[in-house]
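The structure's right below; bear with me while I get my questions together.
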Amino acid sequence: MRITGIAALAGLALGASAVAGVAGPHLRAAGGTISGTITYTGTPPKMKPIDMAKEPTCAKQHATPVMTEGAVTGPGNTLADVVVYISAGDQPGPAPTQPVRYDQKGCQYVPHVAVMQAGQPLEIYNDDETSHNIHPMPKLNSEWNKSQPPGTPPIHTSFDKPEFISVKCNVHPWMHGVFAVLNTSHATVSGADGSFKLEGLAPGHYTVTAWHERFGTQTADVTITGSETQTVKLVFKATPY
Amino acid sequence: MGKFFAVTVGILTIVSAGIFMFHVWWLPPDISVLGAGIDHQLNETMVASGILFVASQLALAVFVWRSSGSTGPIKIFPGGATPMVVIAVVLVGIEVAVLTLVGSKVWAGLFMVQAPANALQVDVQAEQFAFYFRYAGPDGKFGAMDPSKVSDANNNFFGLDPANDTTARDDIVAATLAIPVNRPILLTMHSRDVGHAFYVPQLRIQQDFVPGLVIPLHFTATQTGKYEIVCTQLCGLGHYNMRAYVEVMSDSDFAQWLKTQANQ
Amino acid sequence: MTAPAARAPWTPARTGVWVGIAAISMSFAAFTSALIVREGPGSDWQHFRLPPVLYANTLVLLVSSALLEIGRRRQRDGREASSWVAASGILGVAFILGQIVAWRALAAQGVFLASSPSSAFFYVLTVIHAIHVTGGLAGLGYTYRRLVRTPGSAAGVLTAAATYWHFMAALWLYVLFVLVARI
Amino acid sequence: MTTPVRETVAKLTELKHQPPEGFWRRYVFSLDHKVIGRQYLDLALVAVITGMVLSWLMRLHLGYPNASIGVLGPANPSQMTPEYYLQLMTMHGTIMVFFVLTTAPFAGFGNFFLPIQVGAEDMAFPRFNMMSFWVTFLAFVTLVASFFVPEGPALSGWTAYAPLSAIGKEAGPGEGLGQTLWAISIALFCVGQLLGALNFIATTLDLRTKGMSLARMPFSTWAWFTTSVIGLIAFSVLLPACILLILDRVAGTSFFIPAGLVFNDQVQTHSGGSPLLWQHLFWFFGHPEVYIAILPGFGIISHILPAFTRKPLLGPKVLIGCMIAIGFLSYTVWGHHMFLSGMNPFSAILFSVPTLIITIPATIVTLLWIGSIYGARLRITAASLFCLGFVSVFVSGGISGFFLAQPSIDTYLHGTYFVVGHFHFVMGVAAMFGIFAGTYFWFPKMYGRMMNETLGKWHFALTFIGVYCIFMPMHYIGLAGNVRRYSSFTDDYLQPLLPVHKFMTIAALFTGAAQLIFFYNLFRSRFKGPPAPPNPWEATSLEWSTPASPPPFDNFGGKHPVVTQGPNEYGTAGAKDYVMQAGGEA
């Protein structure tokens, strides 16, 4: 176990995390927790209703118009769809074999942001009665663009290099999502109320990074000593345009 | 076998022509001011070429029927090649001349006259694979378009800059072309990526979008209702699904529609 | 009608050259109309100074053409012609080298194929012309061999080669004219 | 002028015509026009099977959208996707137009028979001739290779409109490497056909045998000659267009790409190019290309028909004049493909007039064929049936041109299946019927064996009815506004037309199956057919004066035929009802 740990560390060269990594076996369920709520200051852009007139099979699934998802806010200046992850201090294990599910439903991406570890399998489903094309536009990974007709099996894929990948469907230009490919399994997305929780962290020093597709990144340093829950506050500066 | 050929040609001709004649499949009802001219031109052409079609196919069938397997002396067509040339030059020539004269007028009415001054201008952006329509809003002015501002993710399909451009703030952008009935409409058409086309069969109108050009197109719809706009210029994988609706409304409905859109 | 005895016999090679000239003319007409259309609406057409070596190259190609014509006439009159053909060919090679100098000079100034539509057309027209001249050089080489080995039957080939080579010179004058006028 | 020509032929014989030795020289890199002609036809056969299978897959998807196409589908997922449909469509169009309709009737039959019909031993430039084939072959390989690159072949249609074709992979799947290979393939094809055209023209002008004046040349020779002149000009324009397209794609130039384009929310760096420039260059080639495909058919039909009607064709000079007029006019009409492309609307009228005028020579030719059947002693064979079928489908396809030639009607019909029906009839099916007629007629001379007539007649009957069932309904749904190049029909107003699509799909599969009869006949006859006599059809032109079938290496067995009359000498009095061009002796 120790040797695997060292080997993994040597390969990934994560400097400061070496002490924590070597210190003991990796505990998944137990360990410390980092939680918090993402908020913003300033004025976020107004989300606009999406006109799905060109795709009646999708339009009929939504009683009220779906809004754009570039900056989804909640009461109390909370911010949803923010990727929160450990950017330093973590010992990244091998990529989970459990696939991440990504749905195209009602001509929207569900979830809007999908988090996955580099190399983790990704399954993309088309639940609609129409053809979608999935067009991830990575900078580091290889780009592809493929149609998925209705009723066809899911597309199995994965991304090897960590980066935030913008995803779009050209057939339905309003469809926009994000694949957050990270070098860690400790990652999550803030919920509708802006809250998040990262669990199962071994004792050590961590850097928590929050990433939002419009407002950039915020970071905080956190030290976990046992199985306690540390709360961090991450605040974004929002601009209307 | 020669007789089989003659009969087959005869049957194929009569069935083919009959389906045209009885409008088994035909154009959808016309809802535009200039559509009648196009329909008239098409009908004239249909009659003239229908006669030519049936006559030449049946002549072929009859000649084959009579000459196949014949062992008698050969006969030259009376007059040789001369009647053929005369028929072609005179009949087809007259047809061509008439069609050109009448048809050019129809064409000129569609594409060679300016839109009337009271026309409602709607700005159209085509992209892979959707149409978006823009109305000037209360100020009557269209905001400037900046390609670098275009963002599908943010519903900024035209590349407007409401932060700095005050004329852009009240622009109404919709995925449906709502228009008032019986009022001339002027579309200013531009594409932001590849070639597309605007086609509404009921309006009898079709026009390409050419990237880099702004192309005017005008028409007047005469009947309210909801009709499909489809793309007829191959534009990529989503070409078959590049469509929108044109909703022809009464004046009051249109005013109401504009108000609802402006509030969003 | 009897042709003058001195005239070279009509061979398919001569027809072929004229047909080839028609095709090449058509291609350059297409390039020229593309150039005119492209210059028209775009606001991105940049004028730049043509490398002066082009004018020297012009002279080289014209002299080469003249030498070949002398060779052709000498051959018709039954005199030695192969050295004139060789000299013409050497000047043809010099023309190609001169064109390479011109391209390098422009590249040194930072004018590349994709810099501007004008530079794109400059490179396209000059390179395509140079490719055709290279083809002509191969033809001259073949002609030279025929003149040395079977001088008796080389008249048709020589005439064909000369026609093509003069056309290359004329085509270059045309290309240069287009470039001077538009770039 | 005839005397020096004869000397030339004699000289050529001395210089170039030793029979080839060794396998490679004899069968692969052969200089013999007959081998090259057969190579072209074999290439066209491979291409036509490929193109036909692609069309089956397309039709299958349109008629039965959920049908699985198994191993012939895209790699992953294996179901038909919209982009795969468009890729099949693009490759179908490109393969059929370039590698079937241009190679088979023009380069294939032309190579084999033009030199023989003018009484020459070979083409004027056998080496160029060989290069012509191998460059064309390379072009085909390049095109097919694009099926095996990531994201597959180009999907921008055989017309490859810019900027879709010019911008690169940003424009979607297939627009990356696949489209580049497409452009390279077409550029190579242009080079191959230019070399071919050069040969055809020089051979026709310079290598005619004694007595073979221009007026005595068979109609097929006239058609190949006219076609090669058209091709020389057309491919000379497409080649530069392809070069500019390749540069836009790989070198970052902006010939066809305007400024400020946005793909996937990214502004492109190109500036100032003109998409319409591509359309003008392409259609300046593209419309004459239609005549490159069909004029050899005109020639083949006019050449074959008299041999089976047993009477001279009406108005031979008028016919040749019409072919030349069509060739000339084909260069004045390209704008009719661009009525709605945003070009000056007045020029639409200017382009419409010659387009309508071109129907006059086309009508004259058609009437001459029909009139020639009047009072004939018609012999029904597979070859003559395909000639008669050609006339019928050419009429059917030509008539719809009246509609599309008029800008005011094109406003409605442009971009619909009406256009698809029109060009498939007039250029696809008609040209194919020309190829079939030529095959049944010339096969004995090319391979020394007869084809099976019964199978040939069945092939004709099923194909003839089949093509009407496929392509006539396209006109109807076109009138109803059915848009072309759609991988599926989701629009509300198209739903009532779906049964028609199903019908056309079934018809297409049946008609395709009928071609298996032809392929079987072709292959079986090549090896097992009864030996062919030198002149099985009692025809007059020089290919039937060659001493054997297939003709010997130098075509006439060391002799030079002397021509004493034209090819149209049928129905004459006497023991035989025809007179050979070479005076009955070879």
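Annotations for the structure displayed:
Letters are used for the chains, namely A, B, C and D, taken in the order the chains are written, and counting of residues starts over at 1 for each.
To be clear about the criterion, a contact is a pair of C-beta atoms (placed from the backbone, for glycine too) under 8 Å apart; a residue touches a chain by one contact, two chains touch by 3 or more.
Note that the structure is predicted; figures quoted are calculated from it, not measured.
The largest tally of C-beta contacts between two chains is found for B-D. A comparison of C-alpha centroids places D closest to the centre of the full protein. Spacing of chain A relative to chain C, judged by their CA centroids, is 63 angstrom. Centre-to-centre spacing of chain A and chain B amounts to 46 Å, using the average Cα coordinate of each chain. With centres defined as mean CA coordinates, chain D is found 34 Å away from chain C.
Residue positions 130-131, 133, 145, 147, 168, 170 of chain A are each in touch with at least two other chains. Annotation for chain B: residues touching 2 or more other chains are 127-128, 152-153, 212, 236-238, 241, 243. In chain C, 41 are the positions where the chain touches two or more neighbouring chains simultaneously.
Shown are all chain pairs that touch, namely A-B, A-D, B-D, C-D. For chain D in complex with chain C, the residues that touch the partner chain are 4-5, 7-8, 11-12, 124-125, 128, 194, 197-198, 201-203, 205-207, 232-233, 235-237, 239-241, 243-244, 247, 251-255, 259, 271-274, 276-277, 280-281, 284. Per the touch definition, chain D reaches chain B in the complex via residues 81-83, 86, 155-157, 161, 163-164, 167, 171-175, 257-263, 265, 267, 273-276, 309-311, 314-315, 318, 340-342, 345-346, 348-349, 352-353, 356-357, 359-361, 363-364, 366-368, 370-378, 380, 385, 388-389, 391-392, 395-396, 399-400, 402-403, 406-409, 411-412, 414-416, 457, 461, 464-465, 468, 472, 475-477, 479-481, 483-493, 497, 500, 571.
Residues 45, 48-55, 68, 70, 130-131, 133, 145, 147, 166, 168, 170-174, 176, 240-241 of chain A are the ones that touch chain B when the two sit in their complex. Chain B makes touch with chain A in their complex at residues 127-131, 152-155, 157, 161-163, 174-176, 236-238, 241-245, 264.
Listing the residues of chain C that touch chain D in their complex gives 3, 9-12, 15-16, 19-20, 22-24, 26-27, 29-31, 33-34, 37-38, 40-45, 113-114, 117, 120, 124, 128, 153.
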